[in-house]
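Dumping the structure here so I can ask a few things about it.
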């Protein structure tokens, strides 16, 4: 479903990886590993179409993601190093705007429920500026609950989370994969990934 | 599709309401620059009348440019811009919405405060009217063109002054026709028509082309 | 990508090619310069008659006009390579654009300078807000902006693409700017800069001017190639062919 | 000869213009040569450095 | 003690030499702003002659202000400013050295390019001379006062425009006397003396007081 | 020698610690510990006089550091989250300028030797921009070799360093303490601190 063909990426004048081939079927979780600076983030951003590779291409359902453009992005959810939430808006506002932009038809009740599920009951309408680092991250992760995207691309989603939140997130990923979704993630922490079919990719020499 | 446009527009207005000083700062900058000139040039009536249109427009140029520096910066720093690039909507539409909100917050206030400035420079009522009209047509162009520069210089060291180097030269046509309209309005109001319709044409061109260029620039800057 | 043949012009093959081409271009530059200057200074009259009699200072034309033309031509070249780079994502074309920019800026500066030194004896002022002059100034700002943006971005790839986009935007805007300054009143246009067709210029002067233009053009080739070589070296520093080259240089 | 240099009384303008052209163009060429040499020297040093730090 | 002053001064000049564009950008900003006015106001000789002094000074104000935004920013971001606070030297001395380097890099070029601008505005040679002299006395004051604002807004969002709001009003006396000197020089060169000596007095006052204020502001901003 | 009396620090509206008392004699190493956000960095900056406490004071040789001002700073070396080196200058330039500002009479040879000792032979005159993260950190740490300060305040000095560099740094600290110096440091990593007399301070609840 997601194919990577002969991918080569450079950063500055350094080649991070080249000739990378991959093919992921629905119901797979890909765990990308590698040292700091080995190019994990670059690979994930390339998969999303945020970074243009120097050679090779990424295909979704057999078509190049460049050509698919918006049709691909509709099925994609990316979670990067930055949370992507506005600190002046409340959790509710952040999530409903994000859902509206993603084109997910989400009601205000769904948003409240998602926040409650992720463990933020009582903090829904505080500006996220007033939340702790981990709580901010939870607001951002509540998007996973609301999303109906087929492909999740998660860059170090476990950092700054406490044990309980890690377990919750793992559950979400497992459900997503079990339901025929695809997930690509990186993490430095040792987190047992207990979901269906797990593929591993090691970057760097 | 337009639902998304409104969503982004409302979001940016909401954010601005949560931080009102950012909006006021542009306005004050404009006022200060405009008020500096009489101090530097002298306060004779005739001189000021000649100067007025040009000074107002140059000040508008500078104010709009300085405010633009922050157009995408906040969204870039907290990662929401990245998320916007990944929505299932054409990026140029989102850019247009952001520029629209930006103009409502920084351009429109300049138009509204123009009469005050006109009085400082002893302009006639007709001139003030034309000034407001030309600003109304011209400032959106400034925001639209400036958005390209803002997108290109996103997250750079010394971005502010670099931005001005890049986009101030591109503002020249707006400046020429904007201040030209006010100047000829002294003689005959109907003379201003060609100027204003040219500004209108520029605005239409900028509305169609600038969002595309800004979107491309954003994609480059976010790689 | 069907157009992979762009990649044949890879930095590795182009580096030695540019090196071999530099010398011929330098020789051409020298020869043309000598011919042009000789003809300009010794085979043209000391005075020009006509409605606007010109004294010896008209000899500035032999550098002014070529410099002005080259400044515009090089901008078009720059945009051409920038556009190729943006569309086909080829590294070498961005390097070409980069190599051309400083030379273009130099000629723009020279056009401004020589124009000013002509304007003083001819118009009685070094500078006027004439459309051609002003838009040449804007062109200068564009060149500087291009280079400033490029050097402000540390990531070369982003720098290449961002400044290429800027160059494109500039290409769209320059005519608009020129026209807006030329016609500050939209109902009528007026320009101070004399505009006489090439045909009206005396043939000796024309010959000299065109020779000098060619000389400047050859000079642009030579300097761009030299700069291109430096750019290729810094950017490809890790490539094996550069390492081999360095070893060869070193053992020499 | 002095006729040639005085350019009919416009020496300042003619030679001012030509002088700047010569100055700028020569400066550009010199800068380019210098740049090329420094780059070669630096890269050479880097290459030798990485060879000496990786004895193979 | 002066060894440290020279050390910081040389350091900043060295750094600027490693990044030449930053210096050029200020200069070009100045040139662009100055060139915008004739386009907005019209290109008649007389008008330009009246405008000249004021425009030059306002442009110098804006250029100096925009450049100041970066005065401490780089050192703040990489932590060297923090280290300077912890040296066994009075901070105000280090600030003075940094401001000195900054002026050499951004103020002095404006002074040197002033004749070009004077030509653009058809000023006479005497006026150009006075302009250079007044800029020579005035731009260091701008740098010194601006340093206080730059220290206060260090690391703030939207610092640029906030900075302008804080310090532009403080620049007014310099503007008034600086452009005043050029204006009266048309009539009689000796008339300019009071203006220039006032500027000189301001400069002395700023040299003694501003570094202290900036040092205090830096300590606050770095907490 | 270094005394802390009734120190209280607040950040925002939150009190980080209060009534903190400490007294360190020459030849002591103080290891400050605590969770993220518990106020370690704040405490270290207060010790340096970079942060003004809300109550209490810090004394050096029995006098308040506010009163001592430059005399205190001459005996102090602070190493914070930021390296404090300019990426456009070479290692040599960075170090000699830093030494000049600190008022240490250091010759150019000393600087070369310090860089060699910290493992940067061959990289001395490259702009530090071209160095890797860990090498940059080493340049900054070479200041410890050149410094003659009595009190070292080190905020997470071990991050980004490889094993060999960690050992070197530990040796430097041990020598400093053994020679009658004082050191205050924080670290999240488990680094065995084998120097003379080690005091520990735990922040946070």
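Chains here go by letter, A, B, C, D, E and F, matching the order in which they are written, and residues are numbered from 1 within each.
Just so we're on the same page, contacts are C-beta pairs under 8 Å (C-beta built on N, C-alpha and C of every residue); 3 or more make two chains touch, one makes a residue touch a chain.
Because the structure is predicted, anything quoted here is derived from the model rather than measured.
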Other chains in touch with both chain A and chain B: C
Label of the chain whose CA centroid is most distant from the centroid of chain F: C
Centroid-based (C-alpha) most distant chain relative to chain E: A
E-F or A-C - the one linked by more C-beta pairs in contact: E-F
Centre distance in Å when chain D and chain E are each reduced to the mean of their C-alpha atoms: 32
Geometric centre distance via CA averages, chain F-chain C, whole Å: 54
Centroid spacing, where centroids are CA-atom means, of chain A and chain F in whole angstrom: 38
Between chain D and chain F, centroid-to-centroid distance (C-alpha), Å: 47
In chain B, residues with contacts to at least two other chains: 74, 157-158, 162, 165, 168-169, 172, 176, 223
Chain C-facing residues of chain B, complex: 148, 152-153, 156-159, 162, 165-166, 168-170, 172-173, 176-177, 180, 184, 194-195, 198, 209, 213, 216-217, 220-221, 223
Residue ranges of chain D touching chain C (in the complex, touch as defined): 4, 7-10, 13-14, 16-18, 20-21, 24-25, 28-29, 32-33, 35-36, 39-40, 43-44, 46-48
Residues of chain C touching chain D in the complex: 41, 46-47, 55-57, 59-60, 63-64, 67, 102-103, 106, 109-110, 113-114, 117-118, 120-121, 219, 223, 226-227, 229-230, 233-234, 237, 242-243, 246-247, 249-250
Footprint of chain E on chain B - complex, ascending: 21-22, 25-26, 28-29, 32-33, 36-37, 39-42, 47, 50-51, 53-55, 57-58, 61-62, 66-67, 69-70, 73-74, 157-158, 160-162, 164-165, 168-169, 171-172, 175-176, 178-179, 183
Contacting residues of chain C [partner chain A, same complex]: 89, 154-157, 235-238
